[in-house]
Every structure is written in C-alpha cells, then in structure tokens.
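To keep things simple, chains are lettered A, B, C, D, E, F, G and H as they appear, and every chain counts its residues starting from 1.
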Amino acid sequence: MSTYNRLNKDDAAVLLVDHQAGLLSLVRDIDPDRFKNNVLALADMAEYFQLPTILTTSFEDGPNGPLVPELKAQFPDAPYIARPGQINAWDNEDFLNAVKATGKKQLIIAGVVTEVCVAFPALSALEKGFEVFVITDASGTFNAMTRDAAWQRMTAAGAQLMTWFGAACELHRDWRNDIEGLGTLFSNHIPDYRNLITSYNTLTSKA
Amino acid sequence: MSTYNRLNKDDAAVLLVDHQAGLLSLVRDIDPDRFKNNVLALADMAEYFQLPTILTTSFEDGPNGPLVPELKAQFPDAPYIARPGQINAWDNEDFLNAVKATGKKQLIIAGVVTEVCVAFPALSALEKGFEVFVITDASGTFNAMTRDAAWQRMTAAGAQLMTWFGAACELHRDWRNDIEGLGTLFSNHIPDYRNLITSYNTLTSKA
Amino acid sequence: MSTYNRLNKDDAAVLLVDHQAGLLSLVRDIDPDRFKNNVLALADMAEYFQLPTILTTSFEDGPNGPLVPELKAQFPDAPYIARPGQINAWDNEDFLNAVKATGKKQLIIAGVVTEVCVAFPALSALEKGFEVFVITDASGTFNAMTRDAAWQRMTAAGAQLMTWFGAACELHRDWRNDIEGLGTLFSNHIPDYRNLITSYNTLTSKA
Amino acid sequence: MSTYNRLNKDDAAVLLVDHQAGLLSLVRDIDPDRFKNNVLALADMAEYFQLPTILTTSFEDGPNGPLVPELKAQFPDAPYIARPGQINAWDNEDFLNAVKATGKKQLIIAGVVTEVCVAFPALSALEKGFEVFVITDASGTFNAMTRDAAWQRMTAAGAQLMTWFGAACELHRDWRNDIEGLGTLFSNHIPDYRNLITSYNTLTSKA
Amino acid sequence: MSTYNRLNKDDAAVLLVDHQAGLLSLVRDIDPDRFKNNVLALADMAEYFQLPTILTTSFEDGPNGPLVPELKAQFPDAPYIARPGQINAWDNEDFLNAVKATGKKQLIIAGVVTEVCVAFPALSALEKGFEVFVITDASGTFNAMTRDAAWQRMTAAGAQLMTWFGAACELHRDWRNDIEGLGTLFSNHIPDYRNLITSYNTLTSKA
Amino acid sequence: MSTYNRLNKDDAAVLLVDHQAGLLSLVRDIDPDRFKNNVLALADMAEYFQLPTILTTSFEDGPNGPLVPELKAQFPDAPYIARPGQINAWDNEDFLNAVKATGKKQLIIAGVVTEVCVAFPALSALEKGFEVFVITDASGTFNAMTRDAAWQRMTAAGAQLMTWFGAACELHRDWRNDIEGLGTLFSNHIPDYRNLITSYNTLTSKA
Amino acid sequence: MSTYNRLNKDDAAVLLVDHQAGLLSLVRDIDPDRFKNNVLALADMAEYFQLPTILTTSFEDGPNGPLVPELKAQFPDAPYIARPGQINAWDNEDFLNAVKATGKKQLIIAGVVTEVCVAFPALSALEKGFEVFVITDASGTFNAMTRDAAWQRMTAAGAQLMTWFGAACELHRDWRNDIEGLGTLFSNHIPDYRNLITSYNTLTSKA
Amino acid sequence: MSTYNRLNKDDAAVLLVDHQAGLLSLVRDIDPDRFKNNVLALADMAEYFQLPTILTTSFEDGPNGPLVPELKAQFPDAPYIARPGQINAWDNEDFLNAVKATGKKQLIIAGVVTEVCVAFPALSALEKGFEVFVITDASGTFNAMTRDAAWQRMTAAGAQLMTWFGAACELHRDWRNDIEGLGTLFSNHIPDYRNLITSYNTLTSKA
C-alpha cells in the first residue's frame, strides 16, 4: 500500500533554478512560447499560494546570462542566490540554508536544464528526506531523449513528476477556497480555459 | 514474485470523473474523435458488465460545463455527484460514500484531466488499499508531456495502466461467456474490428 | 488573376470510391476512429445537401471486401457500380454514365486508397474538363509519404484539396439557409463543436 | 521571371476573421500557447504599422462564441462586422465595403479555421485581383492534414503564405526606420529574441 | 544489488500468441513491413536456437482469422492450441500444460495485441514464478499510447522488455558458437546488416 | 484543362539508380524494412509487366558498395551500367543509349539518394521531353526535409510523384487482365493485403 | 517541356545571410548539431568549388550577435557586408554590388531565418532574372510550419530547393574531376559516409 | 529515503563498447550528426576528467567494421579489447580484468547497440555491485521503440540514465574547478552554448 505524499500549501517551498536568459536558448524539448508561459504560471502559482520561493542562478555574469527579469521582479524579497560556481544548487551553502530556513519538507523544483539544474538538487533533497515534486513543464532541456532519461533517474529515486497545473490543483484542494483567485491563475496561463471563461461570462452576463 | 491483480467483474466499480463539455476542450494529448469513442466505449463496457458506475463533475455550472450528455443518459440511476468545489473527487464525502457503497475493491478510473481528476483520486484510493486501474485512453489532458508525467506518478504509486479494450478483455475472461455481447462492444468502437466482422459475415453468409 | 472555382450545391456530385471493409485495413495515414467519422460525415453532408451520389467498389467479392454497410444503407437509391475489374472507376462505362447522368460539372471525390482509387478518376475527370474537389480526410492510404505524393500529383493537375468540413461550409454559403441542419451535421461529427453546443444550450436554457 | 509582390505598409490592410472564443477550441494544428501568442503578435504588428484592420465574426451569439476580447480591445475603432450568417466573409456586403474602404490592394488575412474562414475570403479576394498574404501561424484548424490541404488550395490560387514575423520584417524594410519599435514587437512575442535582448542589455549596461 | 536474469537457451521457451491474419489489421503502433519482419525474425530465432515453441490462437474460425501461415509452416510439430474462448492463453489448460511440458523457466512471449494477448499470460506467468521476456517488437497493438501503458503494467510486474535482436544476442552469447548461423539470421532480417555483409563480402572476395 | 499522362505498360521503362549496399546506409527518411520491401516490390513490378529495366551504379568499387544482389539477380539480362564517375546517370552515354534503346517515352525512376541520383536524371529526362514518374517510396535519402525539397524541385519541373503500388495499378488497368498475377505481387509486398487474402482464402475454402 | 536549370560551378555564387550567433538561437526547425554541420558543409563546398562567396549580417552589434566565427575565418577575403539596417540584404547597395561583381547568374542562398533572410533576397533575385537555389538544410527558422510556408512562397516564385549535398553533386558533375576532394568533403560532413570510407579503407588496406 | 549515487571523478571509469564503423549504420534512434557529436563529446569528457577509459570492439575484422578512428586516436594508451566473439563484453576476461584494474566502482557505459552492447555489460556490472551510469545519448540502436525497451530493462535493474552533458556536470561539481576547461568542452560540442560564448566574448571584449 502506497502513501500519497500530497502537496500541502503549508508544507511546500518552491525552488526556481537557473531560468537564465542564456541557458534558455538550450531548451528544445518544449516550444519556447509554451515554456515561457509555464515558467510564469509556476511563478504566479507560487505567489498566489504564498509559498516561500528561492531563486538561484549559475554563473550569471558569464554566457549563461541573467535571471529572466520577470522572475526577479515577481519575487523581490525572495532569497536570491547567485551561485559562484556550484553546479548542483544543493552544494551551495547559502542555497541550502535558504531551503532549510523555509522550514518546509516539500520542495517544488523547476529549472533549466532538467537533467542537471533540476535533477541534481532533486536527488540531493530526496537523500535528505525531503519530498520532491518536479514541475516538469517549467523545466526544460536539450531534447526529449535527454528529458526522458532525466525523468527516469529522478522517478527511480522517488521524485514525483507534476506540472504547474497539477500542483496548483493539489495545493488548492477546493475551488471554494477562492474561486476567483484560482480561476484567474488558470485564465492567465491556459488559453483554452480562458476561452471557456470568456464564452461563459458572455452568455451569463446576457442572461 | 509479483501478484497479478486481475480485474474481476464481481470486484470492480467504474469512476467517471469530470468528462464535462468545457473541460474536454483542454484535452490535446489524444485526437477528439478517438477520445470521444474511447469514453463511450468505456461507458458501454461498464454497462455491459453491469459494473457499478459513479459519475461526478466539478463545478458544472461554471465554465467547466455540463457532463457530456451521453454519459448522463447512459447511467440514469448511477450515483451522480456534482462536487461543489473539491478538486480531488475523493475529498468529497458523497463521492467517497458512493465508492464505499459499491463494496468493490477494484476501481476503474477515467477522467479529464489525467494528472488531476484521475491522478488525485487514484492516489487517494491506492493509499486506502484499493486496487486502481486507470483507463488511459478514456482519460485526457493538455499534452503528451503532461500525460507521461502523470502516468509515472501513478505507476510509481501502484496504479495499473490499462485501456478500455484491455479492461474489457480482462473482465470477460472467456469469449464463450457471451460471444455476441463482446463482439458487439468491439464492433461498435473499433472500426478495424468492425471491418473484420463485416467481411467475415459477408463471406460466411454466402457460404 | 485566378478564378475561384467554388463548390455550388447545384453543380456538384459526390463519388465514393472503394470504401470497402477489406481495403480499409490498408489505411494507415489517418487514425481509424477519425477516418470512419470523416467518411460518415461526408456521406451525411452529401445527403444533407441532396447531392447526387455514386457508390462504386472494386472486386467486392474478393479480399477487398464489401462496401462499408453504413454507406450502402445511407444511399439505397444511389447508382452503385460494383466494378468487375477496372481499377480506375472512370474506365468503367457504367460509372462514367452515372457521372454524366448527374449533369454536374463539379465532382467531389473520396476513396480508398488515395493514390489509386481517388487519384485515377480525379485525373481522368480533370482531363475531361470537370472541376475536381478531393475530400482529403475521407480518403486514406498506406502512409503519409504516399499521401503526400498523391496530393502533389493531383494538385499539379488542377484538383482542389478540401475536407468534408470545408466542402460543407462552401456548399452551405450562409448559416441562415438552415442553421439547425448544418449545426446538426457538425455536432454529429465534430466532438469539439458538439461540446460547444452542449455548453451553449445548457447555459442559454437556464437563462 | 516572377514578380515579387512585396508587402508594403502603405498598400496593406489586415483582416482578422473569426478568432472567436468558441471556435478556438477547434484549433489543434498548433499549440494553444503558441497560437495565442501569434494572434496577439499579428494584432500588435497591425497596430504598430498602423495598417487598417477589419474584425469580423461568424454567429458570435451562438456556440462559436464572442471575439477574443483582446482583439476587440486593441482595435476599438476598427470596422467590426458581426456577420449574420455568411460563412465566407467576402459574401458579406459590409465586410466587402470595409475592405474596399481601406483602399488597399494587399490583404493580410488570418483566421479560424484555416480552410474556411481564411481560405474562402482569400480565394475570393484573389479572384478580384487583390494580392493575398495568409498569416499561416495566426490561422488555425483541426489538424495538420487539414491545414496542408488548405495551404495547397490557396497557394495554387496565388496566395502567398507568410508568418507574422515575416510580414513584420517585409513591412518594416529597414531596422533604422524604428529600431526600438520593431525590437519591442519582437521582444514581446518571441521568447528567444527577448532572451537575446535581455543578455545583450545586461552586458552592455555593465560596460 | 540486482540479479541479472539472463536468457539461456537451455532454459527458454517461446510463446507466440494470436498472430492471426485478422487481428493483425488492428496493429498500428508499428509499421506493417517492419512488424511482419520482426515476427518472422523471432520465429527464425526460435528455430535457430531450437527453443521449444508454442503456438496459440484465439477464435481462429471467426473474424480474428487464421494463424499467419508462415508460422504454422515453420513449426509443424509445435504444440498448437486453438483456444475455444479463453482470452488469456494461460487460462487454457492445454496451453498451460504445453508450457509446463517444456520444463523451461524462461518464457519469451510475443503476440497481438500487446496489452491483452501478451500482457495477460505474461502477468500470469510472473505470478507463477516464471521469468518473462516480452519481445516488444514482435508484439503489436492499436497505437503507441496503448503500448506504453501495457509496457508499464508488465514492467511493474517484473517482466523484462526485449527485442528479437536483443534476445538472439543474449541467447547466443558468443559469435564463435556459430558465426554463420547468427550472421544469416541477422542478414535475413536486418537490411542494414545485410548491406554490411554484402559490402564486406564483395571487398574480401576481391582481395 | 490538364492532360492525364497515364502510365502505359507499352510505353514505360524502369530506371533503378544506385541502389547500392553502401549508399543504402545513408537512407533515413524511410524505415529500412519498408524501404527494402518497396525496392523489391518495384523490381517485381517491373518484371511482372515486362518493362525494360536499366540498372546503374555509381562508383561501385569504392565505399558506395555493390548493387544490392537481389536486383542483379532479378534482371540478369538488363543493361547494367556501372558508371565510372558521372553523378547524373543521364550524363553517361551508355546509360543514355540504353534509355533510348528501350524506345519508351515514359520513365519510371527510383534510386538512392532522392535529391541526386533520382532528381538529376529526372530533370534531365523532363528537359528532353520524356514523361517522368518518380517512385517515391523506392527512393530514399538522408531525412524528410531533404526529401521534401527534392520532391518540390521535381514536381515544379513536371515530374509525377507515384509509389510502386500506384504505378502497378495504373499499369495494370483492369484486374481481369490477370487477377492472380497482380494479387501475388500485392500479397508478396503488402502485409495487410496478404492478411486479407489469407482470411479470404481460409473462409472460402471452407465454404 | 521544362528547362533544367542546372548548377554550374562557373555560373554560381554563394550568399550566406545572417548566420549570426544570436539569431541562431531562433532556429528550431532543425537540430542544432545537424544545422551547424550543414552550414559548415556549405561553406566547405563553396570553398572547394572556389565559388565567389558573399557574407552579410544584420545589425551584428546588437542582440543578433556576430557572424559565426568559423565563417568569418573561412572566407577572409570575401565581401563582407554588415548591413546597417536593411532586412532584405538585396536592399543594401553594397550587397547588391557584391552580387553583381561576381558576374554570376546562379545564386546559391542560405541563411537565418528562412522566411526573411533567405526568402526576401531570393524573391528579389528571382525578379531580376537570377536563377535561385535555396540550400534548405543550411537555412533555419522558428519551426517546421514556418519553414513550410516559406518554401511554398519561394517555390511558387521559381526558386529551386536544394541541399548542400545535392548542390555539391550537381556542381561536381563527375567524380573523376577529383575523387579525393569530393570524398573528403563528404567524409567531413556525413558521418554515415565517413563510416563507409573507414570500413572500405580498412578492408582494402589489408588486402 | 533514497541514496544519491553521484558520479565522482575519482570513482569512475568509462567503457566505450562497439562504436564501430559498420555497426553505426544500424543506429537510427538518433540523428547521425548528433550522435557523432555526442560520442566525441563523451570521449572528450573522459579525457578531460582523466577517467580511465576502456575500448572494446566486437568482431572488428568482419562486417561490424573497425572502431571509429577518432576514438582509437584519442585513447592511444587505453586498454583496447578486440573481443574474439563474446557479445557481452563482460564475458570477456580481458575486458573484465581491465575494468577491475581501474579500481573504480562507478562505470560510465555507452555503446552500439543499446539493448545489447550497452545493456548486457550494464546488467552484468550491476549484478556485481558496480554503480552503472548509461550515457544514453552516446548510445544508439535501431529505433526508438527498441531504445525505450532497453532503457526500461536497465532502469528496472538499477542503472542510472544520464547524458554526456549531465555526467560532465556531475563530475565537475563546481565551475571554479576549471572554468575554461569545462567551457571549452561545452563550446566544442553544444552549438547553442558556443553561440552564447561567442556573443558574450564579442560584447565583453568591446567593453
């Protein structure tokens, strides 16, 4: 019998790893329009649920480039660790301290590229007993083959693969907690859902 | 040595979760013609094997839209739980009671979208000791990447991935139990099989 | 400056070529659920617009198998030419006479397989001065490469490539000619459209 | 020797046909995130180059749903023709008059669905001697097969297939006409380009 | 530490399940040319290594059709169980006795369709303590989604996924056991390998 | 009005260009099992219709490797031109003389690789007034992008794109010319068709 | 009857348009490894056949980035036009003069992105009576849909679509003009061909 | 709680299995340009981290062909085991001794073909208690289906799936250990990364 390690908004923190302007040009397992949308959706989700969020970058003064400005702007007070060299964010003491300081046991991780910037801290965190939830669609890498291999490695180690939408639903639990809030999050990041709302509102406002 | 948890028509109930007219527009990991056919095939299968079936919807008065009318029509007496807000159907007491009232330990689940409406109750049910069989081809979601992640999460927790055809075959056990009944189910939902039957009947009726 | 050879319901006839139970097993450039739906949609379209329709088969007593029974049932009074051997239906005098008897100059053609049963009569008809409209999605063949080659051959000769939906729209011209009729045709064969109608009707009936 | 019919900002008008909330659920030949972005990019392009723009919808009070609100908001003063029934916008006198009133000979067309709402007015306009430029990536339809057929039909009639990016480049001619304006358009709608600019600005501001 | 359950030619038997002329028309997750080749390659492999081989069919007098004649011809003395109705071959006593009569503990299974005719006996055999090796490329089903689900179900239960080529290599162990025999098997069923041999032989015969 | 340049068995010759063991390793736009089958099917077709056939190779003593032995064996008396260096077979006088010696005006061409060994002689032949029919599925090249470009170049010049199956049907005209002969050709090279025949024969022999 | 406009090394010049480090991050219709190889192969081809080659860039001091250094290094004496703003290279007088100065009538064009940097000068050149050969596989753009539209626009205007390999073969005409030179070009840029040569050399050196 | 078996440059050895000129023609699950690059990148990585590396081939005097010369040249002093016949390299005593002689417990394996030359020694090594890291993108096989099956078999046995890039990052730990060295490795084998560096260097050198 399995245990359902369910995301809980009181137990979860979000780690955004290396979404940098340069590194993003390496991401080819997902269309750039969709990827950009997913990353911003995850950020909006983190903000909406007021989850402690940690930003980190790798070598941002070099070719990897700066953190995507939207993320910087959205989390002005979040811990921001510009790692001086550690490839695995978990190897950076400041980052580790920031994670511990959240006091959370559930880590929601996304980053670029999947098999390195996501998988390495995910595997490290699992070893330390954290529950790890990888946001697959806000993480990107070179190609689908690379992604599939990274997923299998992380799954075998106990990580749970999710999407920003699934995570938002699991965190929210019940629409009645805030119908408009969740609806807005979806409307802003799921064109098909926005269309449903548009049609619905048009018809009901006429009634 | 593994145990073969085999579908048994006396032990199984069917849960159809959130096949709603609005939500269906989100499904893009499977062609709409094929998906519609699969959902109706699963419903026909449930009816054919007289499996207790439970219908549920999420927020059906809003943009998610009403349950697909064909399902409502096919199971007029089935428990029908229009959830007032719970995203995970398992969190709804009426739904849970309906599941328990079936007295079955095997749950056949399909729904929209896979990583939420299917995965959440599947994970909850597994935790409670139910055997869970996900009907993958009557469940749909945003894209293949999302589906793959959901499958890995459910598989890791012990869910068995099946299709409506595989489930029908495992439930039926032996063609001789009712050749015509099973043949009709297949003929109505598998065009290639229907063609085989058409050719066969034409030739044998001439003989 | 090009001429817009536009489908006109008074000028058009439909040729359904070799949709036979055996031959359908050769069709692999399109999913069988979608293909079956498209063929029946084209048939419904022909009936709805009361277009003269001609059925023909090739060697139906052999392995190619009988005409799909739904088509036979839908057009009980249509000319039905079971060709004794001609591969190009246009080479069969009865078929040719049936085409001429319609008195139409626009031929809507679909069949199995695309590069033979569709392309051959299409090329023959073009040579004779007919306007030819190939219903691509109600025609099928071995694989996409084969289809692409057939399309290029037919396009180069002047055939226009359409779909059943496009043809229905071009024939109908204006929704006001019969809103319900066209809506029903679409609802029966386009699951996404049916969902739109379901949601719309639910909401407006509540208002 | 061919003539290069080149887009010219003084000669061009933009026709946005049936980008309606309901109809968008039919679009499956392109990812919804990318499609939404492309449509908004085309709208921004039209506004940026101050091209006369015409909006039209089909049956917007029914299941097809209202025009996407962003388009309505962006072109408050544009001719807006809610067609009472004509499927081919060109068949609607108001629409036709609006086109003629622009006084332009180059028509940039995009819409949903490609083989109907785009192809029909495109073919009509070509017949009348207009130069037609189809914005392929801001037009959508049921699937790739349908799109390919529509493209071949339009190409054979003389339409030129373009994208919003190609059209913007052809209209702009020279970056020096307004570097920042074009750069902003690209940055807002091409994530990869935005990243280039982000990295570039970061490095040059440090220098 | 894992155990390497390695195929051993003295321990292995081959089960060919329901490769019937009618059922083959259902197989669409693999190209028919490649599939036919793989099935015949597996048969040649079984014969080459003199592995006990069992043939079985389901309802071969009905639309499922007869066993592919090549298999019947290749194993004239093999147990051939035309099951009167059992869908899971393992439920048929004659089949089960035939399996037991081989005295082998390793079962190499292939069949049509994967999630039923292969997966059911595979799961049954695993429960009984057999080592199960699924020849994935000589097994086929409706589409890739169905296959993926079946693979995950079998893998979770302990089946090992292989191909005919991998199995042949694992059984053979050392080229020196019979260079020409293995080379012929590969040359007959791997066009690329045949080409290598052709070029090699041409050059060395000239030398 | 177009002319239907229809293959005629009295007017056609077959050119097999550079199907060499080495060059075949370059072919990646088509699965090797399918490609091998298509090439042998084309050869069988040529033999069946007794079309004059010409074999040619490029540099067969070097890395390009020898002609596939099956072709050499099937056409022992055909002109066989091992070109000393000309890349375009048409540039080789012996080849050109062999073509002229057939006295045919329709040339059926297939080869490796498509954009060179097929396209070059195709374009040369078109210039000289021959009718050219490219057998697309017995021609192969590096990838689909390369093939698509080659197809467009040849189509623009007037070549007709066909497949071996389409060509066989167009040459045969009427099944009654030799039912068994054509049936055997199809049965040997189309697994789905072979299955239809198997089922058909089984049922009719029982009747 | 068509004319075969055949590449001739005495008549051809090569235009490499905007292969810049920044713009390359936009290219997603072709794998980066393959694309890099193709561009360098085209450069090697130009050098090998001593074709006059022209380099040009767009806004190379901005985010578009510098010309790929390998190209700069390979053609140190080639005209190099860093365009101050013209998007269509043909609109730049220096570029146009450089083209005219070559005295060639055949223009081999490749660049980034296909529908702009390649298509615009291609269409301009065609209008001026040049023969245009697009090297499709050394040109890249956002996605396959964009590429397909660009190809149709250029083909309709008379451009010929080729690949670097096809162009090299058409230019070389006869292996005997320089076996080793052409072989080296292929060996350096076609891994499969290099393998053929490796095996060949190994075997023949042993003989 | 899982253990993170992390690659450690002091604990790891590299096994390159059967990257032979002939066998490479069998690899079709990955584009040849990309595959060649990945294999050379893995070799460069092994050299850069000074990992003990072992080369082995299977039957290199026959059609399988010689080891790719680049690998031979790069590791002139590495153990090189030309196996006389063992298909599983682990069955060869010299190979096994070479592995043991490295004294390493972590084995990084890549080879051709994946399900045989990689999977067999991987499974053998896992059984002996080694930690196994499969470099998936420097391993190739017949098609994606075959690869997927091989991956599942190896993952189930405890192998970790990685890529050369992921492995390099995990071995390096911290950029500061040698920024230029790692940057060069990436620049030589990741075109997108090279472009980032090119743009970065251009801009910073100007500053």
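Throughout what follows, contacts are C-beta pairs under 8 Å (C-beta built on N, C-alpha and C of every residue); 3 or more make two chains touch, one makes a residue touch a chain.
Predicted model, so just to flag it, every value in this text is computed and none were measured.
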Inset, instruction - Figure out the least number of contact steps between chain D and chain F, where 1 means they touch directly. - result: 2
Inset, instruction - Between A-H and B-C, flag the pair that has more C-beta pairs in contact. - result: A-H
Inset, instruction - Just send me the rotation angle from a CA overlay of chain E on chain H, rounded to the nearest 5 degrees. - result: 90
Legend entry - Relative to chain B, chain with the most remote C-alpha centre: G
Legend entry - Centroid distance [mean C-alpha coordinates] between chain G and chain D, Å: 31
Legend entry - Between chain A and chain F, centroid-to-centroid distance (C-alpha), Å: 54
Legend entry - Centroid distance [mean C-alpha coordinates] between chain F and chain B, Å: 48
Legend entry - For chain C paired with chain G, centre-to-centre distance based on mean C-alpha positions, whole Å: 43
Legend entry - Multi-partner residues of chain G (at least 2 other chains): 22, 25, 31-32, 65, 190, 192, 195-196, 199-200
Legend entry - In the complex, chain D residues that touch chain H: 196, 199-200, 203-204, 206-207
Inset, instruction - Could you pull out which chain C residues touch chain B in their complex? - result: 21-22, 24-25, 31-37, 65-66, 68-69, 190-192, 195-196, 198-199, 202
Legend entry - Of chain G, residues touching chain F in the complex: 1-4, 6, 30, 136-137, 151, 155, 160-163, 165-166, 169-170, 172-177, 179, 183, 190, 192-193, 195-197, 199-200
Legend entry - chain D - residues contacting chain C, complex: 22, 25-26, 58-59, 62-65, 84-88, 91, 113, 115-116, 119-120, 123-124, 126-127, 129, 142, 145-146, 148-150, 152-153, 156-158
